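Each in structure tokens, the structures are laid out below.
Below are two complexes that have chain A in common, paired first with chain B and then with chain C.
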Partner chain A sequence: MSSPARWPRRIRPLFTLYLPVTPFVFFALFPLYFMFVTSLKKNAELYDVNAAPFVIRHGVTFGHYELLSKDTLFWSWFVNSLLVSVAATVISVVLGILAAYSLARLRFLGANSFGVAIFITYLVPPSLLFLPLSTVVNRLGLSDSLWALVVTYPTFLVPFCTWLLMGYFRTVPKEIEECAMLDGCNRFQTLVRILLPVAVPGVICAALFAFTLSWNEFLYSLVFVSPAELKTMTVGVFSELIRGDIYYWGELMAGACLGSLPIVIAYVFFLDYYVSGLTAGAVK
Partner chain B sequence: MQLKTANGDVAKLAARGEAPTRGLSDVLVRDTSVAYAFIAPAFFLLLFLVAYPFVLSVWFSLSDARVGETGSFVGVDNFRRLLSSGIFQQTLQNSMVFTAAALTAKTVFGMALALLLFRVARFKRVIRGAVLLPFIVPTALSTLVWWWMFEPLYSVVNWTLKALHVVNRDIPWLSDPYLAMFAVILVNTWRGLPFFAITLLAGLVAIPRELYEAAESDGAGPVGRFWYVTVPLLQPVLAVVILFSAIFTLADFNIVYVLTRGGPMNMTHLFATYSFALGLQSGQIGQGAAVSLFLFPILLGVVFFQLRLVRKAATYE
Partner chain C sequence: MASPRTVLESRRVSRRHFLGAAAGGAAGLGGILAAGRAPAVAQTRELTFLTVASFVPETDKELKRQFEEWGARNKVKVRLDIIAHLQLVTKKAAEVQARSGHDLTALGPGLGDADLYFDYLADLNDVAGDVAPKNGGWLNPNDYLIRGKWKLLPWWMPPFPMAVRTDLLEEIGEKNPDTWEDWLRVGKKGKAIGHPFGTALGHSADANVTLLSILWSYGGSYVAKDGRTITINSKETRQAMEFVKRLYTEAMDPEVLAWDDASNNRCLNAGKCIAIHNPISAYESAKKDKVIAPGTQREIADVIDHVNTPRGPVDRKATTGFWCVGIWNFSKNQDLAKDFLRYHFQPDNLSRWVDAGHGFNMPFLTNLTKHPVYKSDKQYRYIPEVAKVSVPPSWPGPTTAASQQVWDLYIIPDMFAQHATGKMTADQAIAWAEKEMQEIYAGRKRRP
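Up next, the complex of A and B:
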């Protein structure tokens, strides 16, 4: 038991620290909690104006999830999102590794300009280019197919991966690569056999972010792909579950929960990678 | 000029990467071809799918192109028409209000949250993880729940306010123009706050402890330490975060499109949503491209200042 004199010191952080943090945590989590609660509520309770909306009083139902699975193309959208995200991530990480390696390690004419070009495209928001890009996608004959997204997502993923990996490669000492080159490895072999095994955390970080950004992408998917069965998760839930003036809030929230789930799972397992990827661009 | 000096460290770093035993010219020739081979895929991707569309966008903005028609050159007609159109002027004003308010909120609350997180010792990972979550979840989907929370009849926000007797009738969150603007700013802040907090936190961690001890022994209180140690040393990180967020807040599409679609009465249209409405929904690609190009000068400004900051950081190392 601590003496009464030491009590204030132990309790103080409760008031000066944990109490002020609470509203921030509440603000961040409440909408997500409410999304989950809504998706499990029976319609009778959901649309009862007088019932307290925060809790489920009349039993949990999985009806909204069932309806979502049976009556909508939800799982097609899920698979589409998965295919597009995996393909775009693989392409972007590979291109990013190659470009980052030459920017971080090799000397060549135009390196500065290319570095600046990567930086500028890193800052280009998708909403600047979606109109002309839809024309390009059209001319390539890719509109209304998932390929349109596999090809266009790397436009914002490659600059991000390159920037992040370039920073990471620079933290790896060059000496080990030089040893390998003295032993007769060429640049490509050195990259694959020596640098990449050391740079695994950086590559994981780039892949996680590329996957998350692809999975969450909305504008390009909305513009380039219109058949309902080819839509990705974010667009499908938004545009196919709202019919006219009727909103199926239970199904919408169930879709939003399931659509966020893969990202949340990845996030729980790789929290530290997300934090380091987030701060890499700004602090380094 | 600015750009070259700014990225000088790239060249310096590359210059040190030669293998020691071979002749310089030999290595240079070999490295150059390897470098071009490595860069080619990324280069052509960005050339065909970023640079070319950008040029196309400039062409569209100077033409009367419509969906399915190439259109002909009309000079700066689109820009002239936009600048005299009431809806575009409203969009311009909305964009400024939205960006200024959201950035201010994110900076102030992000700073406060970062300072709190810095001192959190118990449940550190859980609290940080929870606070970062809104940034990770798909925005289009999380905005749906905000829409549901502001729904006219069943709004949980109104229910709570009525239960607490703050108001006695429903507040029309998304149908009143000013409240709708407040709502989109709130959701943007909700989503962007974690980025500010976590990045500023990383900046705080990087400040040497000795500086605080020195300030304390000179008699500086908590406010003095914050103002004379934390703020000046955090300034570069703060600048990068604000610049970075400025462009993506200004270019926001998802939140406005899902929550209000630019309404009521165009009072929440931003460049992206208005460009979408003009270019795709009414098929006036020329006008739409002109609207989205208003993002470009701001993008260039942000790039310019960011690169200057990078150069500054490089000289301090």
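Up next, the complex of A and C:
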């Protein structure tokens, strides 16, 4: 039995860590919980204004998930979202790495201006860009294909990745690259063999954000792709499950729950990379 | 059998032939590349149609069936793309900007798109002329002409009757309410037993519809027939505003200020509201979902009735979303698109389409207002009556881009809500709305 003197030490984290964190956890998880609960409620309970909104009282139904799977093209939209997000993320991260390396490491006229320009590009909202981009997409002959999204998503992802990675690369000491160059590496080899392994957390962070932004994107997907079977999940769910003044709340929430899964999984798998400080070990 | 020499000779190509064929091929390929499309003989003709998800899903299925049937008959590949109605504004803007997209497009809600996109829409005078005689004529053809032309075909409207809980009506001892004052009384009594009246007073299409209906029913309007003079500042508007203030404070809950288009459906189907001013969509979804009235074993759909849109001291008028269809003039398939419209607007096809929608989508054609579907369920009996008194939102003024902007910016709901909630006096709210409308109409004035 532990002595009473040790109790404060054991109880301390409860007050300094768990209790302060609880409201934030509740705040972050509440939308997911509400989505999940709503997706399992019967329509009659969803309509009942006297029902408690946060608990299920009249039995669970999987009917909303069933309707979503059988009566809509949900899984096609899911796959489309996945394909577009992965492709746009890979392209954007690769381009972002090259651009960020150039801006962080190379000395050339206007390097700083380029950096600022990229940052400003990132600030231009897609709601302004979609009109001119629709002309570009049309000229390229990419309308109504997933390629339209693979090509246009990097317009907001590349500036973001570049900007994020530029800052990250600058935190990596130049000396380790200079050592590699003394040993015979050229610029590209230095980037691939020395800098990138050190910058894995930064790259993963950029990839995660890029994937999340692509996965959640709505406007370009709505404007550039029309055929039902080519829609991404965000647009497909909205198009099919909001019919005028009838909202299919159960199915909408079921779609939102399933749509959240890839993001949740991605963050669960890569969270450690995301938060770990590998650079500290790299300079030993 | 031919000798080897003969065969070889027959295959031999002279230099002149070779150069000629090569030049022809290069020119042809250049032409294809320059035009960006395959030669006519190699093309598969494709007609595309962008429309909004119907409030009754079976309508979309029937439209798709007709589109595919027409495509099969004419050997044309067809593609029907369906989006939520809230997405249509963005999609139209992008297609016009790119001068590319679908051939046929849904337009609306409202006829204002025809003025806004006047330069990008094909003339449909010929189609409108062909369609009308077969269907008993257009209901109010002058309303649908934009700058004197048919730039769109009015397609369907969801008329706004009054949906009411008959059991609650009986409970409060009311019978056959018909005027707006009757409904105020019903709402007051309903609110007293926990079942308020429900109509949106926020930024929603339903709020525009109901408040314009009240304004006209009290003799008011916001723009004159000339389409220039703002007429909102009138004693009739003040009377209408005083009525809405009483309706809001005595018969409704404050939540109506935050309502969207789905909220009144939910209020009725949840068993809370005694009545709502709305198309039959609430009833249709209650019927489909078999929603039970709270505290009873009866389905809500069994205790809902639909009656005529209310009459005011001066008139009985209403409006609704005027959903239309048009053809972009940058479409390469305008003739095909017109042909499909003629096909879809054939009496048989329109009839099947109305049937599929359970009467929700009423065409603007006289014969269709007498469709058997409106007698198939007693809930639908007043829909043709409401359709007859439904006018475009700019009434008595013409539909223009400016009137569409007044609708889109919710000037009318804001004016009513500011007074109803006591934030402004009636004079202040009217003065605000008048200034907003004058600026919109001045800004949209067409230059010669």
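As a working rule, the second predicted complex is superposed on the first by the 230 of 284 C-alpha atoms of A that agree within 3 Å, B and C clash if a C-alpha of one lies under 4 Å from a C-alpha of the other, contacts with A are read in each partner's own complex, and residues count from 1 in each chain.
Here is the rule we go by: contacts are C-beta pairs under 8 Å (C-beta built on N, C-alpha and C of every residue); 3 or more make two chains touch, one makes a residue touch a chain.
None of these values were measured; they are calculated from a predicted model.
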item	value
Which of chain B and chain C A:227 touches, first, second, both or neither	second
First (chain B), second (chain C), both or neither touched by A:53	first
Superposition-derived comparison: chain B or chain C, residues of chain A touched	B
Touching partner for A:132 - first (chain B), second (chain C), both, neither	both
Touched partner set for A:243, first chain B, second chain C, both or neither	second
Touched partner set for A:143, first chain B, second chain C, both or neither	second
Contacts of A:43 with chain B and chain C, given as first, second, both or neither	second
First (chain B), second (chain C), both or neither touched by A:219	both
Contacts of A:200 with chain B and chain C, given as first, second, both or neither	neither
Overlap of chain C and chain B interfaces on chain A (superposed complexes)	47, 49, 130-132, 134-135, 219, 223, 235, 238, 247
Chain C-touching residues of chain A, taken from the complex the two chains share	43-44, 47-50, 130-132, 134-135, 137-138, 141, 143, 219, 222-224, 226-228, 235, 238-240, 242-247
Interface residues, chain C side, partner chain A - complex	36, 48, 50, 53-57, 79, 81-87, 90-91, 93-95, 97-102, 158, 206, 261-262, 264-267, 269-272, 278-279, 281-282, 284-285, 289-292, 294
Residue numbers on chain A that touch chain B, as the complex places them	13, 17-18, 20-21, 24-25, 27-29, 31-32, 34-35, 38, 46-47, 49, 52-54, 94-96, 98-99, 101-109, 111-121, 123-136, 151-152, 154-155, 158-159, 162, 170, 174, 178, 181-182, 186-188, 212, 215-216, 218-219, 223, 233-235, 237-238, 247, 249, 252-253, 255-256, 259-260, 263-264, 267-268, 271, 274-275, 278-279, 281-283
Parts of chain B lying in touch with chain A, wherever the complex brings them together	3-4, 6-8, 10-11, 13-21, 28, 30-32, 34-36, 38-39, 41-43, 45-46, 48-50, 52-54, 56-57, 60, 109, 112-113, 116-117, 119-120, 122, 125, 127-142, 144-146, 148-149, 151, 153-154, 156, 159, 163, 190, 193-195, 198-199, 202-203, 206, 237, 240-241, 244, 247-248, 250-254, 257-258, 271-272, 275-276, 279-280, 285, 288-289, 292-293, 295-296, 299, 302-303, 306-307
